[in-house]
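These are the structures, in C-alpha cells.
You will see two complexes here that share chain A, one where it goes with chain B and one where it goes with chain C.
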Partner chain A sequence: MFKTFLMILKRDLKLALRRRSEIFTVLFFFIIVVSLFPLGVGYDEKTLQRIAPGVAWIAALLASMLALERLFLSDYADGTLEQMLLTPQPLSILVLAKMTAHWLLTGLPLVLVAPVVGILYHLEAKTVGTMMFMLLLGTPILSMIGAIGAALTLGLRGGGVLISLLILPLYIPVLVYGSGAISESTLQSGNIEPHVLLLSAFLLLSLIFSPWATASALKISLE
Partner chain B sequence: MSLTVANLQCTRGDRQLFSGLNFQLKPKQLLFLEGQNGSGKTTLIRTLCGLFVADEGDILWQDQPIQEHLEAYRKELFYLGHLNAIKGDLTALENLRFNHAMSGQNCRDDDLLNALERIGLYGYEDFPTRQLSQGQKRRVALARLLLNKSPLWILDEPFVALDVAAVELLQSIISKHVEAGGMAILTTHQAVPLTQGEVQHLNLDQYASQAGTLSYV
Partner chain C sequence: MSFNWFKYSAPMNFYPLAGKLVPIFWLLALTLTGFGLYWGFFQTPDVLSEQKQYYRIIFVHVAASWMGMWLYAMMVFWGLVGLVFNTKLSFMMAKATSVTGAFMATIALVSGAVWGKVSWGTWWDWDPRLTMSLILLFLYIGYMALQSAIDDPRRADKASAVLALVGLAIVPVIYYSVNCPNPNECASLHQESSFKGVESNILLSMLVTALGFWMYSFAVILMRVRNVILAREINTKWVSELSDTNQ
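This part shows the complex of A and B:
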C-alpha cells in the first residue's frame, strides 16, 4: 500500500518537474497578490503589520485554489483516473498521494517564500517564524479540503469557478486560526497555543476524512 | 472460474439501454459485444468493470457479486477503454512501468523493454509519448497486455487507430490469451481467429427496450 503511495507521489512530482511553469504560476501569484496590498493601502508601518496575517493567508488560499482544478483533470481526461479506480489498491491511498504531491508543489513553496511577506510588511523575525509555522500546518488542509471540491466538480463545465464557491467557505477556519496566531505573535502578551492546537486538530480531521470523501466523490464523478 | 451476468438492466440518463441481459463466460471463451452506436456497449463494459452500477440484475464473478468483492475481482480484471491512460510527458517506458505497477503485478525493467519491443516500439522507449503517433500511443497502452496475467480481459474497441501489422499482433495476443485458458470480452467489428476455444456473440440490439431503439424513418 505504501509502495503505491510512493509510486503515485513520485509520478506526480516527475510530471510537475517536466512542466515547471505550473509550480511557478502558483508561487508568483502569491507573491504578486501579497505585494499589491502595500501599493493600495499605503506604506504606513503600523497598518501593514496589522493586515499582514490576513493578507498572507488570503493570498495563500487563493493561490492554492489556482492549481486545484488540475489536480484530477489531466488524469481524468486521459483515462488514467479510470485505471486507478480499477486497481486493487484502495482509492483513498491513491487520492492521499495526489494530495501530498499537490501540497509539495503548491503549499510548501508558499511556506518557503513567507519571509518575503515579512520584508514587505515590516514584520519581526519572530512573527515571520510563526507565519511559516502556521502556513506549514495550514496549507496541507487547503490541499486536502480542496481535493474534495476538485473531485466533486470533475468533468463539469466551468468547474474552476464552482470549486472556489464550494471550497472557499470551508477554508474559513484555516483563515481564522492561521491568521489569528500570527496576529497574536505580534503582541507582547500574545499566546498562539490555542490557535496552533485548533489548526492541528483541523489538520488531523481532514487527514482522516478528506481522502475518503474525495475517493467517494471521484467514484460518483466517473460513473 | 466464470463471469455470469443475470437479468441485467442499465439506464443512462432517462434512456433505458438494455434489459433482461444474460450471458456466461468461461475460460477459453471470447465474447464479442455487438450492437449499433448508442446501444450501450461501453455502458455494459463499464458496468462489468464495476465503474457503473446497473439498475437491476447481477454480475457474478466466481459466483460472487462483484460489487461486494470489488478488490478481489479487480485483481483478476484487465480493462482498457477508449482512452489510453498514458501521459504525454512521460516516456513509453515510464508509462508502461507505472501502469503495470498500478495493477499490483511486479516486473523487471527487462520485461517492460521486451514488451515494448514486441509491440513494435523498439527505439521509442525513451521518447515522451506526446511525440508519438496515435497508433504508437495505442501500442504503449496495449503493451500492458503482454505483461498482464489477469484471467479476464475487457477491451473496448482495442483495434482503433492501429495499422494492419498491429491489428494482426493484437489478434494473436488476444487469441493466445484465450487459448491459454483466459477470458476476453471485446467490442469490435474485427474478427479474432481462434484455433481453440469458443467464440460467443452478444448483440445488444436484441435486448434493447422499445424506448431505447433508434427508429429510422
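This part shows the complex of A and C:
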C-alpha cells in the first residue's frame, strides 16, 4: 500500500516538474496578492503589522485554490483516473498521494516564501517563524479539503469558480487559528499553544476523513 | 399484517400523497403562525427588560433561525438516506429542502440585522452567532450552486449530498473557531441562551410561531418536490397519464 502511495507521488511530482512554470504561477500569485494589500490600505507600519497574518493566510487560501482544479483534471482528461479507479489498491491511498503531491507543489513553496511577507510587512523574525510554522501546519489541510471540492466539480463547466464557492467556507477554521496564532505571537505575553493544538487536531481529522470523502466523490463524478 | 415501508419512496406513489398533504400543512402553517404572531404582538408584555416594543421581532427571528439550522440537518438526512438506499425521492427531497433552508437563513439574517440596528445600534457585528448564520447561508449557496452546475441529475444529487455531509462534519469545527477565535480568552456579544428566564407568554408564542414555520416549510417543500418529481419523471408513463386525465 505504501509502495502504491510512493509510486503515485513520484509520478505526480515528475509530471509537475516537467512543467515547472505552473508551480511558479501559484507562488507568484501569492507574492503579488500579498504585495497588493499595502498599495490598497497604505504604508503605515503599525497597520501593516496588524493585517499581515490575515493577508498572508487569505493569499495562501486563494493560491492553494488556484491549483486545485488541475488536481484531477489532466488525469481525468486522458483516462488515467478511470484506470486508477479500476486498480485493486484502495482509491483513498491513491487520492492521498495526489493530495501530498499537491501540497508539496503548492503548499510547501508558500511556507518557504513566507519570509518575503515578513520583509514587506515589517514583521519581526519571531513572528515570521510562527508564520512559517502555522503555514506548515495549515496548508496540508487546504490541499486535503480542497481535494474534496476538486473531486466533486470534476469536469464541470466553470469548475474553478465553483470550487471556491464550495470550499472557501470550509477553510474558515484554518484561517481563524492560522492567523490568530501569528497575531498572538506579536504580543509580549502571547501564547500560541492552543492555536497550534487546535490546528493540529483539525489536520489529523482531515487526514483521516478527506481521502475517504474525496474517493467517494471521485466515484460519483466518474460514474 | 405486512406493510410496505418503501411504497411511498416511489415518486409515482408519493406524488398524489404529497398533493393531499400540502393543503393540510398550509392550513396548519397559517393557523399556528397566525396564532403565534397574534399572541406575540398583543398578549405579551410591552417591555422586555430594557428592550421596548421592538423586541417582538424575536418571534420571527428565532423561528427563522431555528428553521435555517433544522432544514440543513434535514437536507443532510435526506442526502444520506439517498446515498445509502439509493432512492431517487430522497435526493429530490434534499434538493427541495435546500431552497427553503436558504430562504429561512436569509430571513434570520435580515430580521437579525434590523433587530441589531435598533437594539445594538448596528446592522452587523462580527458576533459568533451572526457569523455562524452567515456561514450557514454560504453552505446552502454552495449546495445549490453545485446542484445546478451538474447537468446529470444522478451525479448532481449524489455530489451535493456528499458536499452537504462534508459541510455538516466541518460545521462543529467552524462553530468552535468562530465562537472562540482566540482560545486564550473567549467572549461574545450575543447573550447566552436565556431560555429559562423567558416570560411564559413570550415563550408560548415563540414556540407556536416556530411550529407554524415548520408546517410552512413542509408545505412548501412538498410543493417543490412535486415540481421536481414532474420535471424528472416527465418521460414516464404515469406522468403522461396524469396530464391526460387533467385535460
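General remarks:
One rule holds in what follows: the second predicted complex is superposed on the first by the 223 of 223 C-alpha atoms of A that agree within 3 Å, B and C clash if a C-alpha of one lies under 4 Å from a C-alpha of the other, contacts with A are read in each partner's own complex, and residues count from 1 in each chain.
Methods note: a residue touches a chain if its C-beta (ideal position, glycine included) is under 8 Å from a C-beta of that chain, and two chains touch if they have at least 3 such contacts.
Source: prediction; values computed, not measured.
When the two structures are aligned on the shared chain, A:Leu170 is found in touch with chain C, with no touch to chain B. In the superposition on chain A, A:Glu223 makes contact with both chain B and chain C. When the two complexes are overlaid on their common chain A, residue A:Phe202 makes contact with chain C while staying clear of chain B.
Once the two complexes are overlaid on the shared chain, A:Glu82 sits against chain B while remaining clear of chain C. Touching more residues of chain A than its counterpart among chain B and chain C is C. Residue contacts after overlaying the shared chain place A:Arg18 against chain B, while chain C stays out of touching range. Contacts of A:Gly40 after superposition: neither chain B nor chain C is touched. Shared contact residues on chain A (touching chain B in one structure, chain C in the other): 223. Residues 4, 7, 11, 14-15, 18-19, 74, 77-80, 82-90, 222-223 of chain A are the ones that touch chain B when the two sit in their complex.
Across the interface of their complex, chain A is touched by residues 135, 138-139, 141-142, 145-146, 149-150, 154-155, 158-159, 162-163, 165-167, 169-170, 173-174, 176-178, 181-184 of chain C. Across the complex, chain A is touched by residues 49-53, 71-72, 74-75, 77, 79, 81-90, 94, 98-99, 101-104, 128 of chain B.
Against chain C, in their complex, chain A makes its touches with residues 145, 148, 152-153, 156-158, 162, 165-166, 168-170, 172-173, 176-177, 180, 184, 191, 194-195, 198, 202, 205, 209, 213, 216-217, 220-221, 223.
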